[in-house]
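Heads up, there are several structures right after this.
Two complexes come next, and they have one chain in common, subunit A, joined by subunit B in the first and subunit C in the second.
Presenting the complex of A and B:
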């Protein structure tokens, strides 16, 4: 009641508390996300005409579409990311189903932690681990020679398959966690009812488990796709110089060519185009973003 | 051929929809179901009644195929289903929390089983509409599950099973989650549906009223075994064991000693020293410990000593009145200190009663039961 002085005082206090609690996230969003992006947009929309002289121009964007290398690199990155996401899902789904539905108690927690442990090591170290395995003088090559399957060392690094392996390995946890969470929330009696009414394992999976797990599948896929698309380390280390990953193009523009305008335009394009792909994915699977993320 | 001889033999009697022989299931040392045998004739409403943890859910899950019995056999329409997986068994189950698929509509839920059974798609609509009419939810096909009330969900869960025309419908305490009023309605509704579809129902519950109201036959289960199988009336009036006597209906229970037996009438002295006459068809040696069961509703209350000869007549003092409408009761105490609960009819005669007043309660010997005290005394 506003008539009571105490009431209005409480309400002011409540308001103040609300804003104070909100402040960190507002600062974080504003200073680290929104402001840099506004600046990026502004930088990307100018063209250097002479030393320290800039003009408003869309040329940075037209370059992206006019130059096949850039455009193709982006398409290649997007397609590879989509394949990596799908493969991650295919590998992670049975793992998550096993953890969530077949196990209980201690083994369940143990297996879940086993999925988590590789992520206590930095991504760089994990990727070097793969390089030790796959390089010409690496473990796999050595083992194949020892078995007599090949007669000279074989280079397994610096190809698309190596990139794919690295990307899937890096992304697994981000798929397993949302999947285990949604599958855990599926009532076992629903699965039993699916069998009881005559369904085979395939039918139960397709008509009951997957529709229930759809929000988890989509949120896992979005996270994995975004992480893969924006990944720099894994494609560069495992794919080598010619891995043609779009983030490398951005890096080159900023660092090697010192062409910040072009780099900023690529950054914005990456954001817009990847958001478009996620939006399309949600439309195709008929999921809403709010449901997927809750 | 011997096979044919067997079939015609079975047809000569009423063919059983479901039969179990010496079914057992152990979890480690614990016997959840212990050598249970029974058979259910076609179109019967069969209830398995027991306290929680008595093994009734395990038994039902074995019938549905979700658990494998250690020993014993399950026959559905004369054929063993021991090696038939749940999705191939001609039984369907209404789950305790119904397990309706929330990602599908009402019609989708019902169509799920039809699709799996290979019913042609063009027949689905007619079948779905027909079964929805029968469960009195016409036109509900397009509704989402979360738009339904508790009672409506019940009906959809039942319709989803009955549309498949199973040999046996298993129901796992489906009324447990409903409020009292709705539960009373659904009891009558379930009985009606069972008649209308003429399907054998196996219903498990811990609520005796559900079992007694709906069933043709009730099995009382305790510690993995069937204590007694019979009609609700038999269980109520002629319980065979102390457990059944105490589990079905309310009873005043007294531990006492046999004084003597004359024919089927026994005279007993309870631990309080009250002398009673009771009925027992089995011989009870003098001096043996027994438990006497007297139902509150067999006792008659009177202000003055009854003139007609009663086998048992006690002068008692009213301790308190427990008003509960038609189920009101009177707690009384004998001069020896034994406390009895007596049903209090809501008639004008007894409006003047109040605590502290002295009244008489009386009943015939054949209206109370007694059983030898066993180590597994209940409560």
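Presenting the complex of A and C:
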């Protein structure tokens, strides 16, 4: 272009175009992502000494470690999220394998789309469905009575198992999609070769299929763990009085107690845990962040 | 294990059973919600008292149906407003981002790309909280300096829209970038050789090529905004979008009118899903 008479003009126009493209993304990331998080760190590191007077302090973090309730909720949330992730993987893997390897053509596409359906419906509706199923006057209790397994209504809601079912249900899609995609790319002849060489089903699974599916397994697990850790609806609606979730603590500090400093500290802690797990997952599987996310 | 490898009939049967059970697990909650919206009872639970349309058409309490429940209808209106603004804003910014990442080379591009993906790894509750903290810091500063309270920076629909926009833009950017990557730039050059300016070329050649991706990203953005709960919860003021209104009623324990709303939502999502499937087919052509 610079060979043309208007080259220099074109170049300045091009530069202008570049800045015009750069400005919005910088504003977006700066004002809505980066500055808010920096501000949250700053707020978490101060303590109210008098009305509208603040001092630098780590007290919000020391409170977290000193108060067993906060600390336990944090660990509980992390452990339950890990269990939910593992269970989701165990349930999703055979189904994904079936869709990717046992089926072909139209049935394959149809079943795959069927897996996506719950994702199109609001999480609130999905959780509501489980409430109707599991409550004392609900369908599962009714079915058990009808079968004669129990003789009076049983409350299945408001406990950790109910939370677990809800979390697994909500996360399923984010596991099935990456699993089907990676399993689909595995050449059937490799599995056949494994058998021809005398491998057992278990052996072929362990040394051919699972290593091939590892990127999918990892990205599924990372996304599911993140979403579970940050979930608020499912633990609140399906859990009982004792089933605390860390996001509920954040909500309580911010909205109910209006203790923003403490809430901000909790937020940072959850963010650190979530990022740490993502980072670890990527390190273990030696994958790049940009590839897994796109 | 795969069709070309023989396995016992028992194994195949058991495997098929498992897959069938899985899909029952997947579908049951949704079916149950839909079915109980027609139950002639004040509670969305057993026993089944017969079929009724009261939860859609009922005119007065306690059998106030969806289409006469002004509070719910208003919250649907609010959700639509927020979703439309969020969708349009995030599509505009996402298109700019796609051109920036696919067409330009500049130092720090990779870092900016990683930053662009960040909103996906930040839990929704924390994204909402951080925007809440920052906006009130700014608002408080303005109040002290100029003695003027910026209403928009206090919890309310403006902040809800901004919060949703903050992470939906990332998803829209990924969808539109993927499509732009497939574009053959010689087409744009041809338009410019024929005398079009760069902007005209982009507007008449490139943007039409991006149309299926814009439509697809728009549908996803609209749904994500409409159904968003976590970020919205932290930023909401006195006007409650649908998800918040439903959540409040769910905790109080409500009538099957919530089932009716859910059916409406499912129908809406199904329509959008069909449109999106159709556009994906368009994109392949």
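The criterion applied here is as follows: the second predicted complex is superposed on the first by the 246 of 294 C-alpha atoms of A that agree within 3 Å, B and C clash if a C-alpha of one lies under 4 Å from a C-alpha of the other, contacts with A are read in each partner's own complex, and residues count from 1 in each chain.
Heads up, the rule we're going with is that contacts are C-beta pairs under 8 Å (C-beta built on N, C-alpha and C of every residue); 3 or more make two chains touch, one makes a residue touch a chain.
Just so it is clear, the structure is predicted and the values come from calculations on it, not from any experiment.
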TODO: Using the superposition on subunit A, decide if subunit B and subunit C clash or fit.
DONE: fit
Open item on the list: Looking at A:48, would you say it contacts subunit B, subunit C, both, or neither? Reply first, second, both or neither.
Closed with: neither
Task: Which of subunit B and subunit C A:172 touches, first, second, both or neither - done: second
Open item on the list: One more residue to check, A:21. First (subunit B), second (subunit C), both or neither?
Closed with: second
Task: Touch count on subunit A, higher of subunit B and subunit C - done: C
TODO: Go through the superposed model and pick first if A:192 touches only subunit B, second if only subunit C, both, or neither.
DONE: both
Open item on the list: Quick one: is A:76 in contact with subunit B, with subunit C, with both, or with neither? Answer first, second, both or neither.
Closed with: neither
Task: Contacts of A:108 with subunit B and subunit C, given as first, second, both or neither - done: neither
- [ ] Enter the shortest inter-chain Cα distance between subunit B and subunit C once the structures share a common frame, rounded to whole Å.
- [x] 5
Open item on the list: Using the superposition on chain A as set up above, list the residues of subunit A that contact both subunit B and subunit C.
Closed with: 192, 195
Task: List of subunit A residues in touch with subunit C within their complex - done: 13-14, 17-18, 20-22, 24-25, 28-29, 32-37, 39-40, 43, 91, 94-95, 98, 101-102, 111, 113-115, 117-118, 120-126, 128-133, 135, 137-139, 142, 169, 172, 188, 191-192, 195, 201, 204-205, 226, 229-233, 236-237, 247, 250-251, 254-255, 260, 263-264, 267, 270-271, 274-275, 278, 289-290, 293-294
Task: In the complex, subunit C residues that touch subunit A - done: 1-5, 7, 15, 18-19, 22-23, 25-30, 32-33, 36, 43-46, 93, 96-97, 99-100, 104, 106, 110, 112-127, 129-135, 137, 162-163, 165-166, 169, 174, 178, 198, 223, 226-227, 229-230, 233-234, 243, 246-247, 250-251, 258-259, 262, 265-266, 269-270, 272-273, 277
Task: Footprint of subunit B on subunit A - complex, ascending - done: 187, 189-190, 192-200, 203, 207-208, 211-212
TODO: Would you tell me which residues of subunit B are touching subunit A in their complex?
DONE: 64-66, 85-88, 91-93, 95-97, 99-104, 112-113, 116-117, 160-161, 164
